[in-house]
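Order of writing sets the chain letters: A, B, C and D. Residues in each chain are counted from 1.
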Amino acid sequence: MWEFILERYNYWIVITLMMTGLYIVFSRGNLVKTIIGLNVFQTSVFIFYITIGKIAGGTAPILMGGHGGGHDGQGDHTSATHGADAAHDVSVKPTLDDLRAGSDAAEAAGEVEAHSHNDLAAAMKGVEQQPAYETQSLHSLPDMAQAAQGNSILADPGEAAEAVLTPRDQGLHDMPEAGLGADGHETLGHEAVTSVTDAAAHAADIIYTNPLPHVLILTAIVVGVATTAVGLALAVRIQEAYGTIEEDELEAEDYEAEFGERLAGSEAR
Amino acid sequence: MPELLNPGVIFTLGAFVTLFLAAGLRRYFMLAVIAFSATVTWQMDLGNYGNLQLFGETLTVTRYDVLSRLFVVVFHIAAALNVIYGWHIKDRVENFSALAYPGAAMGGVLAGDWLTLFVWWEMAAITSVFLVLGPRSRSTYMAAMRYLAIQIASGVLLLAGIVLVYRESGSLMFEALALRNEAGDLNFGPLLVFIAFGIKSAFPLLHNWVQDSYPKASITGTIMLSVFTTKLAVYALARGFAGTGELIWLGAFMTLFPIFFALIENDLKKVLCYSINNQVGFMVVGIGVGTATAVNGAVGYAFGNIIFESLLFMSLGAAIYRTGTSKATELGGIYRTMPLTMTLCVVGALSISAFPGTLGFVTKGLIIDGVAEEHLMLIWLILLFASAGVLEHAGIKIPFFTFFAHDSGKRPKEAPPQMLIAMGIGAVLCIGIGLYPDPLYALLPYQDQIAGYHPYTSYHLIEQFQLLLFAVLAFVVLQKTGWYPAEVPSVNLDFDWLYRVPGRAFLGWVITSVAAIWHLVWDNLVRFMEAVARGLHHTHGPEGALSRTWPIGFMALFTAIVLGIMLIVTFLI
Amino acid sequence: MADQHKDHGSDPGWADKPWFVRLFSWGLYLACALAAAAGFFWKKDHPHFEAEGFPVFFAIYGFIMFFLIVVVGQHLRKLVGRKENYYEERE
Amino acid sequence: MIHFPGLEHLPALPVIIPLIAAPFTIVMRPGRTPWLWATLVSWVTFACTLLLLEVVWHGGPTEYKMGGWAAPLGITYYIDLANALVMMLVAAMAAVVFPYAYFSVKSEIARAQSPAFYTAMIICLTGLLGVAATGDAFNVFVFLEISSLSTYALVAMGARRDRRALTAAFNYLVMGTIGATFYVIGLGLLYQATGTLNMLDLHERLAGQDNKVVEAGFAFIVTGIGLKLAMVPLHLWLPNAYGFAPSAVTAFLAATATKVQIYLMVRFIYTVFGFEFPFLEVALNAFLILGIVGMFYASFVAVFRDNVKQMLAYSSVAQIGYMLLGISFGTVDGLTASFVHIFNHALIKAALFMGVGCVVLRIGSSQLTAFRGLARRMPWTTWALVLSGLSLIGVPPTVGFISKFKLMEAAFQTTTLIPPLLVVLLIGASSLLAAVYVGRLIYTMVLEQPPENAPAIKEAPHAMRVALWIMVIANIYFFFFTDLTVGVATQAAEALMCSQAGCGGAY
């Protein structure tokens, strides 16, 4: 019982934060406090996302030398011609730059963050996907995707172990045939996976956490900051217009504006 | 899209143009529209026109056949008479309705499919509500809203019925429906349609809106209202439910009950409203019988009724226009200065009573013959009884109390020329078609049946003369003996022996108790609705709990609660 | 079709003059008599109901029914008169 | 079809064009320039969406890979008829409302703020189009927040006329953020269970998974989107936000924002989750009941409202009830009815709010008393309001009738908790309520006398009147020509239903 609870300590943190944030929103009449409560509430979500992506023993998802995979998209990208062999010592960063240069839409607004981060996510996934694509082992595609799925589920190891087994076996079976080694796979590898097959065993020196939730959350943080900013700006405007940011008083004034009389008991509260 | 151009559309378009014309110009334009529409109709051959494709179904905007033709013709006449009669009317809204409302009625009559019918059905409700609103006082507003609510309710029922019928038959064509299936059970879809038609044709217990709303309109408004709504419904019944047995009894009851209410009614406008109920009852009986003769009679009588009922309304309206009142107690003796109006009114009265030589005679006989042919003895007697009743309230009471009776001392001017012209045309039609009915007969739907029919046979004349003359004799006798109730409500105890007549006492008892129950129900309904409205205002009004602005915290909490419920429900499933 | 049993002392119109009333009454009696008499000479060929064969059926029916309507109606006014006022008060 | 360069980017263009155009707007000189620019942008965007709809209609669903990354991993824009229709609708509303906005904005918003205003409008347009276009669930969140953030700012700009716009915007912000956060939480849970964010991919991988994680994800997402689309108990933010926002903003939002959210709800229920889940039945039943409750509750409130803008805002809540009702039937017909109503209601409400905007411009108030005798003072505006009001009730020949008819037709063919006939009668009864509040407005405008000391006023400017009447005419046009609405909606609904029923053709 205790183990069950303690093992999931990260979720308890998330839930505590979430409840704290929401409670502040519920109970505080001060608009600034409401916004801060909202912020806390959002923060809990960030942590939740991070906790999804974390893999025990995994390191930050920045590619180490020698473990690059084909990471480019297919299409008419500048980096599209990179093959698996050419990409050995290319880290994620230049790829990201390429993507930035290539994605013509993203520069315009605050949305730039959203796009580039999603692209980063895509890039990390692409690393995994590209080899399979190039060898035209078409039916291995979903398998690879399944492996990725397994990976993410493994953040919650107890639940997902069985779910991963079958697709993983197939996936790992396909890959050597395609002459790829475990290149793509190990990038997002996991000890449970790597310990099962030989192919994976000698390739998985470094374990990365799942990068996708991180990039998602970077986006969410940007949104959260923007929301907080707009909310606080509104609070400032309300202060200018009403001379108060206490909700009771605002309500009383609005009531008066609507019905032309004081709200009963508004002074008392 | 000339294909889509039918009288209904022409009138409607014309009505919208009227909105933008100068007041003086409108009446000429309106006449021109009617003339144009008549020309278009004249040149149209029988058949279906204006097939539209709307969500996969074919709609027939215009079905011009023997049944719809008759109604279109008479609606044109009525619309024209109204415009002439109301030549002095400069009110924009009323002018608009004077075209749009007949247009909607004609569109409905010409509709070849249910959907088009529904569209015009609602249009008729909406365009006519402006007439009820006419004087724009608080009480007319309330009456208009009640009127609109009832008319829209009819529309909603119709739509629901249409959907059901469409589901069962897979066809949107407006054809005859079977109210009952082979096993004798009611078909639900057709029943809804039936009730929708019934509301518009003012079936018993669904009739109150007529007396409620019509008298509140302006004079011209009342005349228009009297013509179109109920007759559109009669057409729809004839098309959809001819031969439905239930209609016979409904119709018979419709001819009966207004007689009594009309007798004691002091407001002559309301007397004529009851007369509408009674007259529509005759038509409904004819439709219910459903044989060729009876249906011929029903639609023929609809034609006639539109003319002479309008004539009566118009002459009464002229008196109201000059004296400013429609109360029997405040009118009377004005034949001295309005002889022409009086004469024309008498023509209308003779016609509605079906005196030989008038329009009523040549049409009503068809219905009564249709009933007799089917050997429906009781119905036949009821219709004869109702004929005597019509003579009483429409044939005698209206002209007598308006123009003769006790002298009110009023000496109004003769009706203005445009009114006299309109009434004159009506009177000429009454007498003209009465003497020479062949053109009307040529318009009736079942030509085979009408071919051998001659209204002026000796025994038919004798029957009718006996019935009517002796009824008039009864009136004279009652007058001379002073037994005829004066227009001022007064009770003469000399007659209390009559109370002992069992039938009469029973009838009185039934009527009072029905009235009492009705008021009880209605009263409580009103009280209940008021309570509901108050309650709703309490909760939904601007200060009500359900519509006020809540604090953010509450809203957020509410959201969390909803989420919680969602989670619990999802988990439990 | 006129009567003068209530006169407000104003000038009697033509319909209120005794000669007209007399003329109208006698004309009506005569017409009634003729109509009733005619009933005996012309019969319906194929009556739908037995009643139709009776020569003065319509005359009697018309007279009685009219009479009935009026007397019943008069009574009803007393009974339902309340109803009229009632409606108006509600409005 | 003529092929010209850039056409392969067509699915992304409606989102990209306004996105790029937005930052330029903010640096423009206050006054006419930003308005002209925004109008131009909206027209170009509208043209793109029309073209896109044409392509999808005749060429089948199209896919666009952002940055060239393939389907399950990269962000794809997946455009089928459903979102092509919604995108077209949103862009069309922008194309009409933006030109309309000039005079209204001039009087309601400080001149210095006008570049910011149009920037926010364009960004809002971007966000709404993005939500509709994208096939990636997380991307939806991003666009959702893009549109929402700009909306908060837009609503707050109504403060110049009535400071309550500020509190309304603040409430909206808090509620909107909670909704969006719920959505993100739900999405995180789904990601945890599947490892993908692509909608079609989610659908495949969710198949057969029915555990607490998925269930919780579902509950969070439905509540989140439900909040954004103002489903009845969660609608509290909407009336004030619409009521106090500048007129042009209200017209645009009322016509588009909730519609896009409804689309999103449909997308999640039919595409992402599909019918394999027992809890879906619960959600549909909840929609059925909440829809009906909303129809009546909000209509009743609308009846008693004296502020016409708020009255119409509550009416919007009621109309959302109709759309939810259509979704809840879980049939092609029901879904078609919902889509048709999404389209038609956008036309209706845009026209109504634009009409009210004209009145606010000339009389300076949206209280019912300001409408007294309006027929004589502003006949064009009045009759536009009357016609679109009739459309709201559902009187033929207006689009409102088509909506009601399709909905009733759909109701008859379904078996739900509530007997079909009752549902139909309820729909009819709530139409009567609409007739009451619209009737109240029409009576005030047409039959009451203007106040005695009323100053003479001019009709609304031509730009506004033309835009308004375009909407009114569209209200009548789409009654007679239903190919675009009913035709496309039916196909879209069939495709959506097919995708979950496994008939294979759709994807």
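Methods note: a contact is a pair of C-beta atoms (placed from the backbone, for glycine too) under 8 Å apart; a residue touches a chain by one contact, two chains touch by 3 or more.
Just so we're clear, the structure is a prediction, and the values are computed from it rather than from any experiment.
Student: Just to be sure I understand the contacts, which chains border both chain C and chain B?
Tutor: Of all the chains present, none is in contact with both chain B and chain C.
Student: From the C-alpha centres, identify the chain that is farthest from chain C.
Tutor: Comparing chain centres, A lies farthest from chain C.
Student: Any idea which chain sits dead centre by C-alpha averages?
Tutor: Smallest offset from the overall C-alpha mean is found for D.
Student: Looking only at C-beta pairs in contact, point me to the busier pair out of A-B and B-D.
Tutor: Taking the two pairs in turn, the one with more contacts turns out to be B-D.
Student: Would you mind pulling out the distance in Å between where the CA atoms of chain A average out and where those of chain C do?
Tutor: Comparing mean C-alpha positions, chain C is 96 Å from chain A.
Student: Could you grab the centroid distance between chain A and chain B? Build each centroid from C-alpha atoms only and quote it in angstrom.
Tutor: 71
Student: If you average the CA atoms of chain C and of chain D, how far apart do the two points sit, in angstrom?
Tutor: Whole-Å distance between the two chain centres: 69.
Student: Using Cα averages as centroids, what's the distance between chain B and chain D in whole Å?
Tutor: Computed value for the inter-centroid distance: 44 Å.
Student: In chain C, which residues are in touch with two or more of the other chains?
Tutor: Residues of chain C touching two or more partner chains: there are none.
Student: Which residues belonging to chain D are in contact with no fewer than two other chains?
Tutor: Residues 170, 174, 178 of chain D touch two or more partner chains.
Student: Out of chain A, which residues touch more than one other chain, so two or more?
Tutor: Only 22, 25, 34, 254 qualify.
Student: Touching pairs of chains, which are they?
Tutor: Those chain pairs which touch are A-B, A-D, B-C, B-D.
Student: Quick check on the complex: what are the chain D residues that touch chain A?
Tutor: Counting only chain D, the residues touching chain A are 12, 15-16, 19-20, 22-23, 65-70, 72-75, 123, 126, 136, 138-139, 141-142, 145-146, 149, 152-153, 156, 159, 162-164, 166-167, 169-170, 173-174, 177-178, 180-181, 184-185, 188, 191-197, 201, 205, 211, 213.
Student: Quick one: which bits of chain C touch chain B in the complex? Just the residue numbers, please.
Tutor: 1-3, 5-8, 10-11, 13, 15-16, 25, 28-29, 31-32, 35-36, 38-39, 42-44, 48-49, 52, 56-81, 83-84, 86, 90-91
Student: Can you check the complex and tell me which residues of chain A touch chain B?
Tutor: 22, 25-29, 34, 247, 251, 254, 258-259
Student: With touch defined as at the start, can you tell me which chain A residues reach chain D in the complex?
Tutor: On the chain A side, the touching residues are 22, 25, 31, 34-35, 38, 41-42, 45, 48-49, 52, 73-77, 80, 99, 102-105, 108-111, 114-115, 118-119, 121-123, 125-126, 128-129, 133, 141, 145, 148-153, 155-156, 159, 212-213, 216, 219-220, 223, 226-227, 230-231, 234-235, 237-238, 241-242, 250, 254, 257.
Student: Applying the document's contact rule, which stretches of chain D touch chain B when the two form their complex?
Tutor: 170-171, 174-175, 178-179, 182, 212, 215-216, 218-220, 222-223, 226-227, 233-234, 236-237, 239-240, 278-279, 281-282, 286, 297, 300-301, 303-306, 314, 390, 395-397, 401-402, 405-406, 408-409, 412-413, 421, 424-425, 428-429, 431-432, 435, 439, 443, 446-447, 480, 482, 486
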